[in-house]
Amino acid sequence: MPEKPMLSRMGASVPDRIWVQGRDLCGELLGKIGFAEMTWLELTGELPTAQQTALLEAMLLTLVEHGATPMAIATRLTYLGAPEALQGAVAAGLLGMGTTFAGTAEGAARMLYAALADAPGDADLVELAAQVVDRELDAKRQIFGIGHHLHKPIDPRTPVLFDIAKRNGYKGRYVALMQAVAAAAERRTGKSMPVNATGALGALCCELGLDWRLCRGLAVIGRAVGLVGHIAEELRTPIAREIWMRTEDAIARSVAVADAAEVGV
Amino acid sequence: MPEKPMLSRMGASVPDRIWVQGRDLCGELLGKIGFAEMTWLELTGELPTAQQTALLEAMLLTLVEHGATPMAIATRLTYLGAPEALQGAVAAGLLGMGTTFAGTAEGAARMLYAALADAPGDADLVELAAQVVDRELDAKRQIFGIGHHLHKPIDPRTPVLFDIAKRNGYKGRYVALMQAVAAAAERRTGKSMPVNATGALGALCCELGLDWRLCRGLAVIGRAVGLVGHIAEELRTPIAREIWMRTEDAIARSVAVADAAEVGV
Amino acid sequence: MPEKPMLSRMGASVPDRIWVQGRDLCGELLGKIGFAEMTWLELTGELPTAQQTALLEAMLLTLVEHGATPMAIATRLTYLGAPEALQGAVAAGLLGMGTTFAGTAEGAARMLYAALADAPGDADLVELAAQVVDRELDAKRQIFGIGHHLHKPIDPRTPVLFDIAKRNGYKGRYVALMQAVAAAAERRTGKSMPVNATGALGALCCELGLDWRLCRGLAVIGRAVGLVGHIAEELRTPIAREIWMRTEDAIARSVAVADAAEVGV
Amino acid sequence: MPEKPMLSRMGASVPDRIWVQGRDLCGELLGKIGFAEMTWLELTGELPTAQQTALLEAMLLTLVEHGATPMAIATRLTYLGAPEALQGAVAAGLLGMGTTFAGTAEGAARMLYAALADAPGDADLVELAAQVVDRELDAKRQIFGIGHHLHKPIDPRTPVLFDIAKRNGYKGRYVALMQAVAAAAERRTGKSMPVNATGALGALCCELGLDWRLCRGLAVIGRAVGLVGHIAEELRTPIAREIWMRTEDAIARSVAVADAAEVGV
């Protein structure tokens, strides 16, 4: 049976040279481009424009750090158990970047791409947004990228991201549709439902033409930095053992209270 | 029992503001600093100088991409099985960033820090390097950061990294000692043993004053970008299933050959 | 703000005793029950009957080993990179137990539970199966648990599992509905679509009354054994480096062929 | 270049049959052997005796569950973030099975194998143990497998495990040496240092002839069951979000106290 080709152009090496995406790592990239440009190169195979770099840089920064998230706690607890394997502690934290937290950006991007895939250039985005919102809410599905449990009435990251997009020529119809979706959802539900940071990131992924399935990848890259940061702090001022101890104690107290209640004490 | 304090200053949020390392994410960081500066901020709690940024940027770039590494293959195979969880595919790849590949940078940094910890400012680095090499080789231990199975007679990344370090004022005695260790190892073994990329990265971590245990963290951050890159390519031109099929076939052939040999066919 | 209770009854320890699920580990469990019984105890908080144990044991065994799967390859490649952290190599392999391979059992269980949730005890399962198949195929959705790319015309594991279920009193209407779904799908598509091993496992999860979301957990437990097995073999006869080398070579050859074709050679 | 053989005999499949370790899964294994026997088969390629099964079963049970460990907490927090990927939540927990918790069993086994590798059959184990303890403590290294922060004066699991080993004919000189090491360490330090559960497991791995590097594998298999158990409980009575909230609150309080102290309030 003839084998199928196995094509990959990510990188190659010979004794005196390393190519990354067809470019000479030592001659063309190291010291010549920044880390965000390298990220774009890896994702697309092309070097970005200055405008793409500026926007991507802001997008990557957005999700780096959010304090003691479940991911950061998981990383610290894992590092406590396996300090010989920092990579495992970072991996443990990244594994929490699923649908609950990071999946919303990709959900938003997917929705925006789908809604505009067949729409004419002059489509009425307010009308389109209303259709999307009605369809999702009628089917009792979540609309990704709007609302936030803490950041109210607006998510402070959203206007900054959209402003950076505007200055770099990337505030187009995906952003407009995302904003129209938020407005339509507010009208229908009567609740404040502004575009949140993941909704903004999803819309900007679309503006940059990135596959919606890579939105979560940007979140993972940014959060990898944050999780290494938490390990760096854990090395200076460790708290993982105390998190563990307090959790054990709190559970023991809850069990004692529940048991006492059951036996009528 | 009074609880111990649980101090962490990585980040905090209120409805209209997010602080990262005590700085206002939306007002001071987004659109104002780059991704490498954010990385430094996360690792140290401080914003870097332009020189520190330039060096860190090159260091982060170095390990992003090296083609079809075991890590990249593991990521692609995992994505094949669990496309709903990109974070798991990246995590699977990162888990291979252990002692074999990424651990050498931290081993080099640890060795350099230890060797210079109590050395006077005018210590003879050639003499010190000879002592280190003799001690390690006498104990039949590996010397981290020198030699490479492919990149001979020199690793092309090393002179570029050291040149960037020099231009930014960070080519100091850790780099000098790393080079002296390589030279001493060559004299003692008679083999070509130049400083490789991980040795260079380990020395530069020391020059920047980073904890040696964070060397692996820089490798993990860089490689996270590369692994998302491999997923991006897998979405365009998938090869994971073919890797799997060829591996299965090759094993079946090897088993058939071995079985035939045993029964004297 | 009063804190919510944090109830967990999995385990507790005092200096001379360890409780697991409210039972004395040393006095009641160690040497008294088997590993499969312990698994049931962990999943449900209760000790199983002999019949439940026999069925669970067979279910756990089913997915332990399937040769050079993507998961096993990922585990071996990760172990090559990080032999200091066996836990990471197993984790890397488990991360591939997603929707493609392991998700089908949970999909089948979810479908069966949903279909029978409101069905009367004497519901016509053939009619019900036809409705399920029509609804799923009309919506162009996959029907989980039927068909197999290799095991044709039947998956040899299915009749063995159903026979064990029958002997232990657990071949009830979930199994019957799963079989009826397969038959209905065959009728509609004209293709052979027997119940596969994951369909059988999904149906048996329902018979045992386990949450459909735990089906994947049983697969993960079984496969953890298999992946440690692959590491054991890798220690005796390593193949990870060769898998890597062949993959690199195959990619290089494919790229060379593609490049030659493009330049018209 | 002729390729090296890639031998693996873990498993193989044809349409109507699946072999595991050269045995017919459906005809010889399913419904015929238990889960612990399958584990032994995977680790060694052979079916175990009844005695080996009984001992392995107890060993696997020992580490399944220990309440709200860092691993269990990491699993629950990860499941909160990525409920679509149960495999990732289990993997996150397993990643904490490193040197701190699970590594001690393998450290103990390695020490015992090394100490008895060249010892004659009638070696004085008390003398040998004293040498081992002196060598390790003189070099300021940890002796693996003795002492426990909670289980004092003895670890209640140890006598039970050793009793099961005795009844099955596996209480040999590795167990004796482990006990002698504990006694020698107590004599030298003046502190109570009984053999703990991981020390017992390490010694029993040696008695069974398993590679010391697989000790951690047994811990990983056992703990995989426990972590799926925690997810099962989390589905019934969720606590992950509360763990997160309390950790965030505790950090915020600690930071407020520290800040107040600094400004002299």
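By letter and in written order, the chains are A, B, C and D; residue numbering begins at 1 in each of them.
Note that contacts are C-beta pairs under 8 Å (C-beta built on N, C-alpha and C of every residue); 3 or more make two chains touch, one makes a residue touch a chain.
All of these numbers come straight from a predicted model, not from anything done at the bench.
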Remark   = Under the touch definition above, the chains in contact with both chain C and chain D are A, B
Pair exhibiting more inter-chain C-beta contacts, A-C or A-D = A-D
Note = Turning chain A onto chain B by a C-alpha fit takes a rotation, in degrees to the nearest 5, of 180
Query = chain A to chain B: how many Å between their CA centres?
reply = 23
Key: Chain centre separation (chain A, chain C; CA means) in Å   = 29
Request  = Could you please state the distance in Å, as a whole number, between where the Cα atoms of chain A are centred and where those of chain D are centred?
outcome  = 35
Remark   = chain C residues touching 2+ other chains are 3, 6-9, 12, 67-68, 82-85, 87-88, 91-92, 95-98, 102, 239, 243, 246-247, 250-251
Request  = Would you tell me which residues of chain B are touching chain C in their complex?
outcome  = 67-71, 73-74, 77-78, 80-85, 88-89, 91-93, 95-103, 239-240, 243-244, 246-248, 250-251
Remark   = Within the complex, chain A is touched by chain C residues 3, 5-9, 12, 82, 84-85, 87-88, 91, 95, 247, 250-252, 254-255, 257-258
Query = How about chain C: which of its residues touch chain D in the complex?
reply = 3-4, 6-18, 20-21, 25-26, 29-31, 33-36, 38-39, 42-45, 54, 57-58, 60-62, 64-68, 72, 83, 85-88, 90-92, 94-98, 102, 150-152, 154, 156-157, 160-161, 163-164, 211, 213-214, 216-218, 220-221, 224-226, 228-233, 235, 237, 239, 242-243, 246
